[in-house]
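Inspection log for the structure reproduced underneath, given as structure tokens.
Lettered A, B, C and D in written order, each chain numbered from 1.
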Amino acid sequence: MAVMTYLEAIRETLRQELRRDDRMIIYGEDVGVRGGVFRVTEGLQAEFGEDRVIDSPLAEAAIVGTAIGAAINGLRPVPEIEFADFIFPAINQIVQEAARIRYRSNGDFGVPLVIRAPFGGGVHGALYHSQSVEALFAHVPGLKVVIPGTPYDAKGLLASAIQDEDPVLYFEHKAAYRSLKGEVPDERYLIPIGKADVKRQGNDLSIITYGLMVSYAQRAAETLEKEGISVEILDLRSIRPLDGEAILETAKKTGKVLIVHEDNLTGGIGGEVSALIAEHALFYLDAPIVRLAGPDVPAMPYSPPLEHAFMVTPDKIAEASRNLAKF
Amino acid sequence: MAVMTYLEAIRETLRQELRRDDRMIIYGEDVGVRGGVFRVTEGLQAEFGEDRVIDSPLAEAAIVGTAIGAAINGLRPVPEIEFADFIFPAINQIVQEAARIRYRSNGDFGVPLVIRAPFGGGVHGALYHSQSVEALFAHVPGLKVVIPGTPYDAKGLLASAIQDEDPVLYFEHKAAYRSLKGEVPDERYLIPIGKADVKRQGNDLSIITYGLMVSYAQRAAETLEKEGISVEILDLRSIRPLDGEAILETAKKTGKVLIVHEDNLTGGIGGEVSALIAEHALFYLDAPIVRLAGPDVPAMPYSPPLEHAFMVTPDKIAEASRNLAKF
Amino acid sequence: MTPEFQKDIYYHMALARAVDDRMWILNRQGRAPVVYSSNGHEAAQVGSAFALNRGEDWIVPYYRDLALVLAYGMTPREVMLHLLGKAEDPNSGGRQMPAHWGLHRLHIMTTGSVVATQDIHAAGLALASKVLKDGRVSVAYFGEGSTSQGEFHEALNFASVHKLPVIFFCENNGYAISVPARKQMAVMDVAARASGYGMPGVIVDGNDPLKVYEVTKLARERALAGDGPTLIEAKTYRFVPHSSDDDDRVYRSREEVAEWKKRDPLVTFEKYLLDNQILSSEELTAMQQKIKDAVNDATDYAEKAALPDPSTLGLYVYHQ
Amino acid sequence: MTPEFQKDIYYHMALARAVDDRMWILNRQGRAPVVYSSNGHEAAQVGSAFALNRGEDWIVPYYRDLALVLAYGMTPREVMLHLLGKAEDPNSGGRQMPAHWGLHRLHIMTTGSVVATQDIHAAGLALASKVLKDGRVSVAYFGEGSTSQGEFHEALNFASVHKLPVIFFCENNGYAISVPARKQMAVMDVAARASGYGMPGVIVDGNDPLKVYEVTKLARERALAGDGPTLIEAKTYRFVPHSSDDDDRVYRSREEVAEWKKRDPLVTFEKYLLDNQILSSEELTAMQQKIKDAVNDATDYAEKAALPDPSTLGLYVYHQ
């Protein structure tokens, strides 16, 4: 058991899985010699060779599309998209092909494939290096969308994603890479995809969230504890499948729900979570269901005052929680 | 004033707008000589020439991307995507470029552009000629998403879209093209984008919907009227912007809300509508907010029993309404 | 090339034409909502299939490729089950529109409707073959219209950089639905693009199955030798509308169609086989009877087969 | 070509280098979080800009194009305001990362980060020019790495089919971040792709501004004559890392960089101008002083300028 950053947990899992299964390959832009622009794949090409850790041409549709073919012909591809913002040229391959292949072939074909991509903001990345793109994929049957919130989860969820028989999008928050640290067991372990995790028990209200916002919610909860407000935090871990049971359970328990994400408010996954509660736990509620999310502008601007104005912060979470607790 | 089909209303509006404004051009696959695979643009190339109604290469990113450039350099492009299912190769241009250009340039540039595309199922189109793709775009700030439910609305909303200074996606339901008929004034008129329309007044419950489902809801409401259930129907007309005020008003009025769309349930726009109500009108509700939508499978299969099992029908709407009314 | 081999090619071309003709009849009778046809493309498709290790090499077809999949081993029954959307349809269990092929058993990759995505899949199948050294070649089939898509370009570039064992096989019939090739590209030949990727671009008479066989065989050998991909352009023509929903009279003259009909690959190949005594007229008659029986059997079988149960709608969204 | 014209080219190359040097200093001092550089590309960018009707023809740059936009008329103040994310930044009001150019006043198309999308925009701007007969040419600038994207292909094909007045200008510096050109494509030259679209592909020494000027001028005339697009490939090198976040020592040798440095376009062009008495050493000194002043002025101005007000976050999502 070692203390690792979120980034190291991902790198060590990739290494462990590459060692475990010869059929696994990694590729993408700059992942080989350069070890990735964030250094997530550093050292892997040296260990596993150019055939298994491949610098690919600058073409996301080709990266994902060849991974589909390779998966069907026996490999376990784990391609990287350099930034989640650049996944758009590959959406056709992801949504129209990877997601639908099992269904359209009536189960005759399957696509075991993990697409890793750094996402999220707060790192001066501006409009095109800060985006949260998860809601687009969470709407698509056939895909799974995993977003870890801690180094421990990063490892167990990535191993599960790689072992999964279906296409999984695995989004890594850039601001979490080096800022989040935690204990990570050396041995391989699996965290089931589709099960949410109560990261903190509480009674007054529930925060339902995922990704970097889990740690932000925890910071807010610590502040609020001192003020006598007891917060429960549910980490969704995957936003498709959503763990409806866990969502309803925490909503019923506290009767007050704050949904938090960095992705833009309108059409974000928060709406889906809210709708599940409003359909299946309405009469347990003591207050309106509140969403705190990135505002409805096209990703976050570069200049610090604007970036800060966009970001969901521990302070903003605490403030929204306070208001809800008071209700 | 003439009785027209939904398809004719669109064609006549395109004709009227082409006559009105020399800067408007139409292009896409098969829109010229062939008049479009659904014949929506029939006769337009003959009237306006090959410079203004253009058969383009088979490349959706190029169709939308050149339209962006052309819009910025002074034209008013109204490209067609042959089927909404084939919009995916153009998503990069729509989401990353068209939607963000005004914002990223701090208002220095704008993209007046209307993208038309037939969508929806029930016409033996199977997985790739039946999709509802609107939720993907409704999540994106900078875009507008318009979906008419009647021939009258088709005309007024299309004229507004063409006059709009921002990128608008205008989705036309394939099954509505020839099945929906109605009175359409000859003269030009504008229906504001972002205002929902109460298509039917009622007291017992509200159906909130859009597109083909408006007429299906109307059929259900007629059945229910005979059973003594009074249904209000709110036609959203555009799903981005959403008319929050109208949504809350009808929810508060009847206290029971059924949201209906053909698009897949999870992550569909119904979640957003439900969340708005759950946040801003919770205590007016007499029943859980119910959603009736396409099931979470990748678009609808070809074979009639499967297609039928997927489709939201007037019967299914009536059934869901009955249950809600009873609550 | 043995006489048996040539007769087998002819048999599959004729079988495809007969199945296709039957599909149109079923369509006109209202028993099949939509038909996509290989009518006119048989030489290109069957000739290339016969150059492959059928059932082992991967083919990644498109909706035009009825003759191809028949030559690859799909049975007329399987085709008809697919046409009629029956539960037993091995391509999709009735889920996809007709002509959306896919059969793992025969290494026919599953395909959707979005043109050119399959070009990249073929490169990906070949990437795995390169890593796993499984000795397979992959072949993507596509129309000339689809080469305007970005994914066509990405596939060729990726395959060539990595010297993958893959063949890109273009069936150039001069039209993308109504759009003629001159509005699709500013060059005469799709093959002209190959040099920009550092691969050979080969133009072949797509109405001559033996010529198509030869160039495909060479491309396959090249792929297996580790020399990378080849772009083959088979010049051909479709004799019927794009699909049963199309009306081709709007965009091409009857004279043009008639002109190409003179070079109907089925007629010319049949004549060649008879003239050269590779095939006797008795053999031909027997073959025609066999085909007729197969088509009838397939139609009857498929018409009697059950439609999918609506309760299966939710199956196979994920692995189960 | 007049001496004044040549001196003006040199001035803008030297200005770009000086602005660029300053940006790196600000970065190292922690005053500018990120820098994208045109260092090494000045001849290609300035030479091509001077062949255009500057401010009237459309240019569609990418993040590498500092020298280009300066040559096109953007002021050093405007560049520095952009670098530091200030409210007055005319490119984006501080919204975009540095080097994301766009200025309607000068017909510099706004650009995002997604490579190759701009190639299609240039074709679209040119489509409007063709319809409106406005006499403008559009030029897309891009790196060789980005030519692997499908949208590059779609742009060239569309532009060529419609014979649009557009130029595709590739700045080939041999790397896409860490990925060398040989892993990007299986041909030596991007220009090899042009023939596949039926357009000329021109290779030019990207470190020689006058040669770049000549080929761009010809391409522009061709475009205006209605003969369609040209693909120009300027061979060049970047002397610095991809951005201030990059470390190029991992993927290219110091010897390779030193070898290219011998052909630094700024040094060689300066020598040419002095050797040929086009520029006197007094003029050079005066010019250098002018540049120094301009860079100091721009830095001071931009550093004092206000940051955007957070309340403006929601502006310009839609027309207002």
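Here is the rule we go by: a residue touches a chain if its C-beta (ideal position, glycine included) is under 8 Å from a C-beta of that chain, and two chains touch if they have at least 3 such contacts.
Because the structure is a prediction, the values reported are computed rather than measured.
Chemist: Skipping chain A entirely, trace which chains still reach each other through touch and list those groups.
Modeler: When chain A drops out of the picture, the chain contacts still join everything into one piece.
Chemist: Could you see whether B-C or B-D has the larger number of C-beta contact pairs?
Modeler: B-D
Chemist: Could you grab the centroid distance between chain B and chain C? Build each centroid from C-alpha atoms only and quote it in angstrom.
Modeler: Using C-alpha averages as centres, the distance is 36 Å.
Chemist: State, to the nearest whole Å, the distance from the C-alpha centre of chain A to the C-alpha centre of chain C.
Modeler: 41
Chemist: Determine the centre-to-centre distance between chain C and chain D, using the mean Cα coordinates as centres, and give it in whole Å.
Modeler: The computed centroid separation for chain C versus chain D comes out at 46 Å.
Chemist: Residues touching two or more other chains, restricted to chain C: which are they?
Modeler: Expected reply: 92, 94-96, 100, 112, 114, 148-151, 154, 157-158, 161, 183-185, 317.
Chemist: Going by the touch rule set out above, which residues of chain B reach two or more other chains?
Modeler: 56-57, 59, 61-62, 85, 88-89, 92, 96, 100, 103-104, 127-128, 141-142, 296-298
Chemist: Should the pattern of chain-chain touching be classed as line, ring, star, complete or other?
Modeler: Complete.
Chemist: If you look only at chain C, which of its residues touch chain B in the complex?
Modeler: Per the touch definition, chain C meets chain B at residues 33-34, 85-87, 92, 94-98, 100, 112-115, 145-146, 148-151, 176-179, 183-185, 245-246, 250-251, 307-310, 312-314, 317.
Chemist: Okay, in this complex, where on chain C does chain A touch?
Modeler: 58, 60, 89-96, 100, 102-104, 109-110, 112, 114, 117, 120-129, 131-132, 134, 136, 138, 150-151, 154-155, 157-158, 161-162, 315-320
Chemist: Residues of chain B touching chain D in their complex?
Modeler: These residues of chain B touch chain D: 23, 25, 51-52, 54, 56-57, 59, 61-62, 65-75, 89, 92-93, 96-97, 100-110, 141-142, 144, 164-166.
Chemist: Contact residues on chain A for chain D in the complex?
Modeler: 29-30, 32-35, 37, 55-59, 61-62, 85-86, 88-89, 124-129, 295-298, 301-306, 308-310
Chemist: For chain A, which residues count as touching chain B in their complex?
Modeler: 85, 88-89, 91-92, 95-96, 99-100, 103-104, 127-128, 135-136, 138-142, 240, 242, 264, 266-272, 274-275, 277-280, 282-283, 285, 287-291, 296-299
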